[in-house]
Structures are given as C-alpha cells and as structure tokens.
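Could you have a look at this structure, given as structure tokens, before my questions?
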Amino acid sequence: DQQEVTRAETLKIAIPAQITDPTNLNIYAAGSDRSATGLHQFIYEYFFYNNLQTGEFIPWLAESYEYSTDNTSMTVKLRDGVTWSDGQPFTADDVVFTYELLAKNPGMGNSAEVTKAVKSVEKVDSLNVKINLITGNPRFHLNREAFPAVGIWGALTILPKHIWEKEADPLTFKNSDPVGTGPYRVRDASQNGVTLERRDDWWGTKVFEVTPAPRFVQFTFVGDEQNVALALSNNDLDAAWIGLLSAGTFQQVTAQNPNVRAWTQELPFAWPDPCPRGLMINNDNPPFDKPEVRQALSHLIDRQAVVDLAYEGTTTPAWNIWPEYDGNIPYSEAIADIHEQYPIDTFDPARAEELLASVGLQPSDITVRYVVNADNVEEQKNSQVIADQLTAAGINVEVQPLTGNANADARLKGDFDMTQQPFCPGYPVENLELFHSKYYVPLGESAPWFERNSFRYNNPEFDALVDQMLALPPDATDQILPVFHDAMAIWYRDLPIIPLVETPALVPFNFTYWEGWPTSEDPWNMPVTWWATTGLVVTGYPDPATGEWVGGLEPAGG
Amino acid sequence: MFARYILERLAIFAATVFVSITIVFFMPRLVPGDPLGAVMSRLSSVGGSMSGQELIQEYRRRFGLDKSLMEQYFSFLSQLARGDLGYSILSFPSRVTDLIANAVPWTIGLLSLTTIISWVLGTLVGAIVGWTGGRNRFSQILVPLALLLYTTPYYILAIILIYLFAFYWPIFPLSGAYEFGARPDFSLDFITDVIHHGTLPALSIVLVSLGWWFLSMRSLIIAEQGADYIMWAEAKGLKSRRIFWAYAFRNALLPQATGLALSFAHVIGGALITEAIFAYPGIGFLIYNSIKGSDFPVIQGSVLLIIVSVAVANFAMDMIYPLIDPRIRTGSMR
Amino acid sequence: MRTVLEVADLQVHFETARGPFKAVNGVSFALHSGERLGLIGESGSGKSTIALAIMRLIKPPGYIAGGRILLDGTDLLQLDQEAARTRRLADVAMVTQGAMNALNPVIRVRHQLLDGLEAHGVHLAKNEVDEWLAGLLDSVGLRPEVADLYPHQLSGGMKQRVCIATAISLNPKVIIADEPTSALDVVVQRRVMQTLRKVQEQLRAAVILIGHDMGLMAQFADRVAVMRAGQIVEIDDVRAIFARPQHPYTRLLMESLPSLDQRDSLLRSGPIARPAAEVPTP
Amino acid sequence: MATIPVEEIAHPPVVPQLGILTHLLHNRKFTIGLAVILVLLLVSLIGAQFVDPAERRTGAFPARQSPSWDAILGTTSLGQSVAIQLTQAIPNSMLVGFIAATLGTVIGAIIGLASGYFGGKVDALLRILIDVFLSVPPLLFLILIASLLRGVSVPTMALIIGLFAWAWPARAVRSQALSLKERQFVQVARLSGMGDLEIVFRELLPHMLTWLGANFLNAFITAILAESGLSILGLGPQRDTTLGIMLYWALRYGSILQNFWWWWLTPVILLMVLFLALYLVHLGLDEVGNPRLRAHG
Amino acid sequence: MNGPRPDGNGQAHVPLLELRDVTKIFGGGRFGQREVVALKEFSLALDAEHPVIVAVVGESGSGKTTMARLLLGLESPSTGAVLYKGVDLSRLSGRERRVFRRDVQAIFQDPFEVYNPFYKVDHVLTTPIAKFGLAHTREDARRQIEQALCAVGLKPEETLGRFPHQLSGGQRQRTMVARTLLLRPKVIVADEPVSMIDASLRVTVLQNLLQLKQEFGISLIYITHDLTTAYQISDQIIVLHRGDVVERGDPEQIVKRPQHSYTKLLISSIPLPDPDRQWGEVPPEIEALAEEALAREHVGSDVQP
C-alpha cells in the first residue's frame, strides 16, 4: 500500500541522539523533540519566518500583522486557503484555542510566556485574530515564545482545535500521528529516527504551485561523529545537525567525498550561529563581584588559540554577544568607540595583572570554579584550552564537569564561578534584556533560565536603558542606537559576562542527491537543519518583496 | 533438604530484589540537585519555553517530587506492586514501561545470542585445548590469541570493527538495529536485516567474551585432570574421549555454568557501551541516556529490570544446578 | 602354580629440579594366580607407584626408566597406548588409594559400572543390564538399588564396594587394591576386606593389597613384601614374616603392634629403638 | 565487564612461604609481566620529571603533527604531545587500578572473612549484601555515580570503582573462610588462647594471600577497564589524563577518521600492553600458587 | 543444678570437669533439616586428684568427636551441662575462662591438619606461651619449649625452625604432645591421636601420652576406634554406639568379657596381627550390626538406602 522509500527520493538528515520515545510527538510536552522528529520543520508551520541571513520577515500562515497605536494589541491576518492535513481549514479558532489552552496549562511549554505577555486573544473573523497584550510592546512579533513567528528556533505552535479540544490532559496526550499544516506527514517513527512522507494535498501546492522535491525526509540517528562522517562519505546522508562534525573530521569527509561541503569552501567552513558563546561569571561571588577581576579574566583568554585548537579554526573570536549578521552590523559599528576604550577581547596578561593589582589582588589569589557541562563536547574542548590559559597566568582553576540535572542546578542556583553559555536569541536589544535585573534572584535560588541572569548581574541604571529600548519598535534603529550606546558603555565597564567566540554552525551538505543548498556563494537562506526554517530550505519561499519564488532543493543533475 | 535449599535461595532472591529496589530508589535522590533541572536542560536543548520555574513546579507536582522522600518511596513501592513504573521525565508523557518494552527485545536478542555463542564456543574449545595440554600448533596459537582478545577492551574492538567492516569494507551497516524505514515484523527480510545489523555489535561482544570463556574453561579442565575420578576412569580403561566428555567436561561445566549466570550482570553492563557505540536501541543505551539526562523513573525502572533479571538468572541457575550437580541437594558442597 | 604377573627390575623415576628421583628402584617380584600379596611399607616408599606402573598410568614428570612387567608372558611396557588401555580393567584392575573420591560425582553408579564394559567393547542388551548390575552389586554385598544412586548418596564403605565391583566387572586376572580401607573404620574395614576376599576367591584372581597395617596383612595376605625407599627389602610367606622378620624395619613394625591379649605388653616396656632417623613424610 | 577467571579454590591453597618469592622470580610469566609494568611506570614517572609544566598545556606544540623529534609520539588536535600526556596517563591509570584493586580486595577480604568465620546472622546479612552486589552490573552503578558526582578526579574515580569491586573476592574469601575455619589448626589456635580477630588475621588470612594477590591483579585490570570505559562514555576524570581519557579525546576529535593513528593507537596499545602484562603476572602467580598448572607451562 | 555438690562428709567435692547428662542434637532447624542425635544423655566426671585415662571407643559417627568438642567448650550441649570446677561453661567469668582454656587441652587426630602450614612448628608452641603469659623472657620461653620437646623425646634443634611438612607424622604428633605439656593442663582430650600416623610411630606417641598421666598427673580422654590401643593404655573404657553408651568399665572386663553385642562386633573386627587367628565367622546378629554400620553415611545424606 505504501510507497517504497528509495534513496534517491529521500532527504536524509543526521540527528545527534536517539529518540527515546518516537511515539511522543506532542510538541508541548517536555519529552518530545520538536526538531529531531521534523515536527517544527515539516509538520507544523508558523505565521512568519525570519531569514536572519537576508533579513527578510517572510509571511507564511499569516499574511500580515498590525499593532494598535499604543502597541497594546496586534491584529494578525491569516492566509486564506490553508488547511490542516486532515482537510479541516486553518482558522482564527485554532489560534484562539491554542492561546487559551496554553494559558490554562502551566505545564505546557510557552505557557508562562503567554501568560506574562498576552491578556487575551479574540477572533475577529475566521481569518483575523486580535491579540491583546498586557503592556504595550512594539516588539511582540519578535517574541517567539508567545507569538508563532520563527525567529531562530521553536516558536509558539498553533494546534488544530478539532483534535486537541478532545483531549482531557494536553500534557499526557502523545499525539503520535500529528495533524499539522506542513507539507509532510509522519510515515513511521522509531528510536533511530523518523521518516516523513510528502503530502500531495498540502495547501502550499495549491496556493504557491510548488511541490517540495524530496518525497521522503528522514531524520536519522547513525551514531556519533565517526559514524556520521562515514555515512556522509558513503552518501548515506544528505545533511547533518549542528555540532556533529568537527572541522578535522569534516575535512576528512570532503576529501573522500567532494560532493560534501558546508557554508564556505575553506575555513571556517561554518556559518555563524546566532548564539555566540560567552563565559558567565558569577557576579555575586567575591572576588568576581569586581568588574576589574572579570575584565582581567577576559584579558587572560587567548581567543584565537581557543578558535584554533578547540574549534579547529571554524569560527572567529567574539567581542560582543550577537552574531555579525548584516542586520546587526549597525549596532556593532555604533559601539566601536566603547570597544576601543575596553578592548576586553585582546589577550593581554600585563593588562590583566594591572587590573588585578588595582583591586589589590594577584593571579594566585584567585581560584576559579569552572563548571563544565560534561554532556557538551564543545564546552569540554573549550574548557581544556581556557583552563590551561588561566592556569598559565597563575590563576587556580578547578574544572568541574557536571552532567544532567547537576549541571542545570549548579548554573541556575549560581553554584559556579565561571561557566560557558550560548547567548540567544541574537538580536542585540533582546540579548541585552537577558542582563535585566528583573531576572535577578539571589544565590541559592533558581534563576529563570541559564542566560537569563544566572550570572546575577544587577544594575538599575542599565535596566532603565534596556526598558527604554524595549519600548521602541525594532525598525526604529535611529532612536534605539543612542540608548544602545549608553547601555553598552555600562555593560563593557561592568563586563558581567565574558564574550568568547562566535558559534560555528558547521553543517555539512551533500550535493550527491540534492542540490540548491544555501552556501556562502548562494546565501539565499540559513544553512540549518534543526530550525523551523529548515522547511523553507527544502521548499523555498516567495520573496516578501517581489513574490518571486526563492530557493528550494532540487534533485541533483535534474 | 532440597526444600530447605529452595527456600533459602528464594529468601536470598527476595532480599536481593528488595535491597536493590531500595538502593535504586534512594541512591540518585540522595545526591544534591533537582531532578527536574533535567527538564530544563532538555527544554533548552529542544527549544521549549525559557520561562522555567512555573513549568518546573507543574512537573514537580505531576511527578510527586513535592512530597517527602519516604512518601515518594512508599508510593513508588505501591506503584511497583501494580507493575506501574510511572512516566519518564525526559520523554514525558511516555511511560517507563513503554520505553523499556521498546528496548528490551533488542538487548535480549543481542545478548542471548552473543552470550550463548561465545559461551558454547569458548567452553568447547577451551575444554579441548585444556585437555590436550596445548600440544599441537593449533592450540598453541589459540591461547595467546584468546589472551589478546580478552585483553582488548571491547569498545576498542567495536571501533576497530566499525572501521574495518563498515567503512573500509562496507559489508555491514554502521549502526542501528534494522534498516531505516523498515517495519519490524517477522518477515524473512526483516530478520535478515536484523541479523545484518546485529553482526558487528554481536561480534564485538562475542570475540571478547569468547576469550574469557576459553581461558576459564581451559584452566578448569586443567584442574580437573588431577581429580581422583579421572585417574579412576583411566584405570577403568576408558577411552580418552569418554573420559573427557563424561568425566572432565561434565565436572568442569559446573563452575563454568555458574560463571555464565554471573556473567549476565557483567554482559549487560558491557553491552551498554557496545549499544552506545553502535546506536543499538537496547536497554543499555536507554539506561545510558536516561542516566545522562537524570531521568529517574527510567533509570529506576530499567536498572530494576536488569537487577531482577540477573537475580532471576542466578535463581534459575541455583535451581538448575542441582539437576546437573547431584551433590548440591545435600548441601555438602559450597 | 602359575605365575600371572612378573615384575622384573622395575625402575620408575620422577623428574625433579634436582635430577631424577628414583621412586621405584629395581623392584622384582612374581605373583601367582589366585595369590594375595601384601605390599607394605612406609609412606612414600613407592607402593602406589608400583601399582600405577603396572597399570601403565605413570604420568609426567614420572616415567618408567626400566624393567619389565610381564602379564601372562606379555610385557605390558611394550604395548602401545590403545593396547595398554584395553588391558586395564579387563586384565589388571585397580581399586585406588583415593577411592572415596574415585567415583564421578555427577554420574549415577549404574553408568560408572557400565562405562568400563563399553570401553572394552562389551555391550549388554537392554534387558540384561539390570540383571547384570544386580548380580555384580550383589557379589560385593550391595543391593541393586544402589545402581541408581549418585556417589554422594553412598557411605564410604559402600563407595569402596562399588569400586571393588567395578574392578571385578570384567574378571581381571590381577586386582591391585591400594589402601582400600584406610579411610574406613574397623567395623566397615572388616566387611570390605571380607568382600574383597570373597570375590577374589570366586574369580581366582590374584590380588596385590597395598597398606601399612600389619594386622590387615596378617588377616588377608598369603605373602608379604616389605618396601623401603623404592626397594623391596623383604618378601616372604606371611607366617614367615610374622615369625622371623628379617629386616629391621619389618621388625620395628612387628614390635609396635599392640596386643589384645595382655595389657602392659609394649607400652610399658620402655622406648623402642628406631632403626634409623625418622624419615620426614613427603 | 568481564573478569579474569580466578579459579575457585577447589584445591587446598598452597601457602605462601618464603620460598614463594623465589618461585615467583623463577616464573617467566611473572617476571616478564612485572618487568613490563615496572618499566612503563618508571619511564613515565622519570619522564614526567623532565617535562616543563608549560609543555603540558594545550597549544604547547603545533597541533595534529605526526611523530617527529619534537614530539616522538606526535601531537593532538589541541596541540599536546602524546608522549608527554603518557607520562601522566600511565601512572594515573595505574593509580586507579591500584587504589580500586586495593580497596576492593581489602573490603572483600574483610567482609568475606567476617561472613565466613562468624557465620550466623552476620553471615546471613552479609551474604545478601554480597548477592546484591553480585547481581548489580557494576558498570551501571559506576555510570550512575559518576554522573551524579560533581567532577570526578582520579582518586574519586578509583574509590568508586573500588567500592564496587569487593563482592567477588568477598564471596570467594567467604567460602574459603568457611572451610578453613573447620580446619583443626583453628581449633588449636583457640585452645592456645587466641581471640577471634587474631585467629582471622593470623591463622586464616595468610592462606588467602596468593588468592587475594591474584584477585588483586584481576581487580586491577577490571578497574582500568572500567575507568577507560567510563571515560569513553564521557564520565571519566576529564581534568586529569588517563589512558581512557586520552582515548576519549582522540575519539572526540575524530582521530581514527582523520588518520591520526599515533593519537588513538597509543593509548589503545598501552592499555593492551598493560592488560597483558598484568595478566601475565596474574598467570604467574596462579601457576606458583597452583602447582597443577605449573606442568602446563 | 550447677554449683558444688556436697559429698559424704558435707564437704564440697567438686569434679574438675564434668559432663552431666549431656545430649547433643544437630540440625532440626527452621527449614526442617534432618535431626541427628550425636550424643545421648552422656555423663562423665574427671577428678583433679585422681588422674585417669578414659578411652572412648566406637565406630565412625558414634559421637566421639562431639563429646570431645563438648568437653573442650567448642560446642554447647543441647540439654545437660558441661561443668568446669562446678560452673557451667557458659557462665564462666573471663578469668575463669582463661584458666579453663589452659586446663583443658586437646590433641587431634590428624597431625598435619593441626598445624597452620603457613607457620613453622614453633608457632603452636610460642602462641600459648604468649597468650597465657607462661614465660617472662624469651630465654625462659625457649627453655620451656626445649624442655617440653625433650620430654617427648624430640631433639629441639631437629624440630624447631621447621615447617610442619618437614617433620614426620610422629614428630608432628609428638610436638603437639609437647605443646600440651608446656601448658601443664589438668585434662587432655586426645581425639584419635594415632590413627593417622604410620604404624611404626604409633607406639612412641602412645608412650608419650601414658607418660603424661604418670609423670605429670594429667587426665586423658583417649578417643579411638581401635580397641587394642584403648585396652593398652586406659584405666576405663566407654563404648559408644550412635550416641549411646553401650558399655563402660574396666578394660580387662570389656575386652575379655564384652557384654554388649556391639562391643563384641568391635572386638571381632580388629585385624589381629597374627596370620593364624583369622577374622572368621561372626554371629549373624552382630554381622547385621556391621552391615548397618556400612550402609550408614557418616555426615548426612538425604537418601538412606
């Protein structure tokens, strides 16, 4: 009855771990994995997609949004003709239902964010919804946790009302055969992966007159780095997740299989991920409560050596906490003078000693408890190099590799002196909000989130400037930048965390079966396989300005 | 006397299981740290909400972690009595029993096959080499070979096997238990597929344990050669083949069989790394993942399963033992 | 009287770090059919080694360094392995010193008895087996049920009788009994020895009884050979030995026998002279 | 995890007397094994004296170099000399083996002796404990503990492994004690006024020394195996260098695939050499302690 | 029932060591093990003033060793009492217990088994000296040891400093006798002291034992299944059969005029060292007893054929 899965018709993407329970496809349950199963790439779809690479905000399930004048509400116009995979139309009812479901069930992901930001959601008509906000917020459309627009990762997902309203407990509902609006449906799912099959009745085919090229998409677990490399060399894979291949291994693969490449042809190969790495310093733990000490630590780190050794050259040192995408460049330029004043990213042991001496300390007085997530290879690699650098300067370093909840607990409760952390979501202003003292909790209590101030920074002066920026719409760059400059002057002076490196997203693409992958020569999209935007990498999208169809995969040589 | 023996074994069996249950429950809990920290890590890695605490509270309530330790322990026991192992934390809302039920057949298949193959082969060859005293060229090579195999860590063997037979000569698949996209059923295709996938993991276990069984049986047989009944059998003019099988081999088999039962404990532990390396979806891998993710209910459930099955294996061995060793019934041995 | 077994100048050596150790050093004797020869001597004097040599069961580091063992005229030492094997039990049977552990613990008595037959190509029909076993067991005073027991279910005396039954199962010409009763108490010892004697007389087999109890020899043997340090120092008719012990060691053995007739006979007679320094037992 | 078959003590233990040392030194397996172990240990310990701490750091050497004069065993992706790493890895790995084996053997001997000698309720309880620990796959608990403990170091690692290595020896010692305590020299000792503890340590323990020695070596191997296994799973003492950790990093950096054979092969070969050497010592000890094996060479 | 027993003239006369109606039962635990009555209502009293040699004879499993272990305090009775100077063994104070340990000593059957092969034979001699504080200096200890060895006819220089396996069976057994001499006990329990040694050495050891009583006034419990030697050295013989005393009394009377058929069986089973006096036929009722003994397994099996 079913179509045979043939290699040539299949897009195979390696995932980093087994799927513990492949029947659990409830995107809101803690135990489901939205991206290793293709749930948010191919099953569900979102109102808007943000192409960080090009800066486009691409309408998809919705056509447009509009804020009220005081920014306290927003009206979204849904696209006509969208249907769920069981044929039911996608309407405002589904949107209202989803928001209300989340408000009622605190155990569901996104629930807390929705409760904090959204007062109510009203159906205007079947294609128009009005979202009433608790406070005026011109940036709500960027709040992925409370609005179904994909920034970089898993946004709020709209559920089919006619399915979910029948479930008594939306948390224990496994949703093994999910009904979504996307171009694929689940064909079968096992621990080693999920096979998705193209739907011929996808609404997009009718509306856009396009069909995604691969008949099947497989998210498959083939093992660790070695196995992934072997499978890529053997053309058993078309792409892989982030973090599966190191540069050395990747080069080995490309040497054996010239059809495999990544974003760039040469080093760094990798595309910069939106979440740069920083070292969280515990601002409440003496002597790290002194900005001079934090700055001294920053000067003791040779970032280029970290890049060369731990990342094998696939990334670049960072001096701030956002990726250098085109849209962010104005922000970086605006603070060039501050950077000059505080060249915290230069490796300068002499300067470090001066700074320490200024507060009456010597390197040997300082003992750093460096918590390392032992489940994260990247952190492990970095920590080796960083610990050695600090030790060489005379600082005592106690590396503490932790796993699982021990690791999470130590971070949230502030039980560390130093630890590595990605800083997301990668918009400069949103990233500064992470340092707001509204997220501050004393040592020993759990911070709301890792980078949401588990480093315990607390500066009201800085808070005020951040609040000021958050009240401005994102495109009001002229107004934002001066405030931003002032905020960053404080930030660099205090240096609550230490920027480390940009994050390499080394994603291998195999051109043997499929071509059209985004690359630095043809940067039409982001080279990602784990974000919701992967759906657009496969299908392509209409240019928001011209309406012309952009990108999408094609069978090789076809 | 035999009844007494059974009762005693049964008591030990029950005590073992009970003590293990208790250890398995308390050990992870006595370590500082919030088990639900795992949920946060998990959510952060799969892109859920970033507004931790409310969500955590909800899960804490659902898992009964807001209750006192003793309350948790007793509700755990009563749940267990009903055969309910609760929900997994990491794969919520999956049930622990489902996760285990998915994984167990693979492990059992892999382990029973490899254990039996290596035990039978190692025992036979070891016995023969031990008996002939390594006088021919063949057995002179075997002993150092077994030594070498035995001293090779099995994970290294696994890596080498992958390198050789999945990459250099891609005869076998890299990982997994069956071809991707295949549907588990009992068709010939599927079974061949499973065997094809199982060969390398099995080989890495078989080769190493083969060395062990070989060396063990060899030394047992050598020890047998000094027994009075062997001398007596020779004095009876028996053919050496008969002496070997009915006398030396039968008697040496007893400790070797005990070793088999005891080795289950070690083999499952060993399979853990093998399963991890080959991404074999068995119980070892499940445990490994849940330990890394601090998924207590799953750890509890699967460790318990292993302990109980090892205890059952030991118990069964204790029950079978009297059948092969008539002396045991009198308690005059041990 | 016919000579069934003749041992001539037998030499058995053990290879040791300090060169070959001569456990049996030029032993010669003859055994007539139906005769009961006692072989007595200190521990380590080589008694068991002679027995094993006759059975062709000397194992490395031991080896037969010289001599002849003629059984009905054939030199056993010249036979190849297979021929030597078939001679065992069929012609020369042995009840070993460690008889208590001689039975295979995991096999029923029945099979241990039948084993010997099968190894010598004797196959009984199914219906004959039970009858044959019963007869054999009966001849050593055991009941037929014993056949279906495991060795650990037998007492020491019964085990010893099973061993004797095995030894006579093929009507051997010579039976070597190496301290068959050393692990048994007096009461059982008497019964076992009487059993052995009875079957021996029925079969007309010759017996070599190894031991170091002069009393037992007096009760059982026709002739006694006394060994010391790998050599036979004295061999004579039992009455002659008891009447006129020649060798000092034999005399010592005779003198140390307490009597039941008269109290205060030897214990109060003052220390007795030892012929040589006490030899450490190995 | 497999254990080396230490023969159950069916034969009466041959008692270590002074002569046993000479016996051992005449045993080729024993001496070769011991020599290899000592050479490895000495070379690395002495070598470590000549290494500047700065040379141990990441980036001290050009990364990914095949063996040359500067780094005789090549360098890693992190720019460390494999040879220099070995000077720490070998002693550390052996330390794990030593501590764990000592701990396991000592605890096992004490529990086994107590259980076997005193009998009764003590025995009943200890037997259950022993049985529990025998049916629990040790690696499982090691993984569990290693993942729960915050940042294991080499000694902690050894400690944990040792705490799971006592059940086997305890069981064997128990059965030995059970039979030994019935021996008459124990009764003679009691009649000579010895107390229980004295009897246990002066009369019983010496009989188990050869066996305990063999068990010690066995535990030694098992501990190194466990350590490297845990390390490969990423649960090892990552701030220290052991052979297992070296292998872990080698695998993490894809050294097999990139054909940095000097990197992954070095710890592999050393682990195997170490195991073989330990096993030879074990065999030697076994042969001397169990004369029946001697003839079989 | 403990405590001194008044004798005829009202003065307390207390036996040194006494077994009073002692029964020992093995097995019969919760799991329904088979019960073995190893010793039945056995009584025996030894007096300090009048050293005696009491021989206890009986076949294997008749309860001889059990009785010895009871006397030595290595086993406690199921019913009845073992009294030392009138005090139940279980109620001895720590000090009394030490005196008891010293006063009641043992010589065992197997002269090899009693030595810990790990130590030189000196060990069994020096340990009691150290434990009971018998000597104050090393020289004193050495002197005492040498004296004791000489007393049993051993040359100290040939004995000390050797491992047990380097001595002959007789030497080993006599060293054990020397050990007891060292302690100057009041009672020695000798459990088959000569059954495991070469016939030629037996006499010497027996002579040593006799010497103990004659020269040092030590009472001896001589356990054996060999009536001949019992007859030779004892003042009184007790015949045990399956835990029961079937006959006790003067050796002459028991050997020459046995009353009980079991005693007759024992006597008729002795292999007399005289080729002219063969075992011959035994009355059927006695032969039946022998056959029963043969079928009986000594240490428990579940099947009784």
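Order as written gives the chain letters A, B, C, D and E; numbering starts at 1 within each chain.
Heads up, the rule we're going with is that contacts are C-beta pairs under 8 Å (C-beta built on N, C-alpha and C of every residue); 3 or more make two chains touch, one makes a residue touch a chain.
This one's a predicted model, so the numbers in the text were calculated from it and none came from an experiment.
Counting hops only between chains that touch, chain A reaches chain E in a minimum of 2. Following the contact convention of this document, B is the list of chains adjacent to both chain A and chain C. Chain centres here are Cα means. That of chain D falls 48 Å from that of chain E. Separation between the centroids of chain C and chain E, computed from CA atoms only, is 32 Å.
Averaging Cα coordinates per chain places chain B and chain C 52 Å apart. Here the CA centre of chain A is 40 Å from the CA centre of chain B. Multi-chain contact residues of chain D (touching two or more other chains) are listed as 147-148, 251, 256. Counting only residues that touch two or more partner chains, chain A has 224, 226, 230, 375, 403-404, 406, 410. Chain E has residues 301-302 in contact with two or more other chains.
For chain B in complex with chain C, the touching residues are 227-229, 231-239, 242, 246-247, 250-251, 254, 324-327, 330, 332.
Contact residues of chain C toward chain B in the complex are 55, 57, 85-90, 93-94, 96, 98-107, 111, 115-116, 118-120, 150, 152-153, 163, 166. Those residues of chain D that touch chain A in the complex are listed here as 54, 57-59, 63-64, 77-79, 147-148, 150-152, 234-235, 238-239, 251-254, 256-259. Taken together, the chain E residues at the contact with chain D in this complex read 72, 74, 98, 101-102, 105-106, 108-110, 113-119, 124, 127-128, 131-132, 163, 176, 179. Interface of chain C with chain E (complex): residues 42-43, 141, 143, 145-146, 149, 152-158, 184-194, 212-216, 218-219, 238-239, 242, 249, 252-260, 263-268, 271-272, 278-282.
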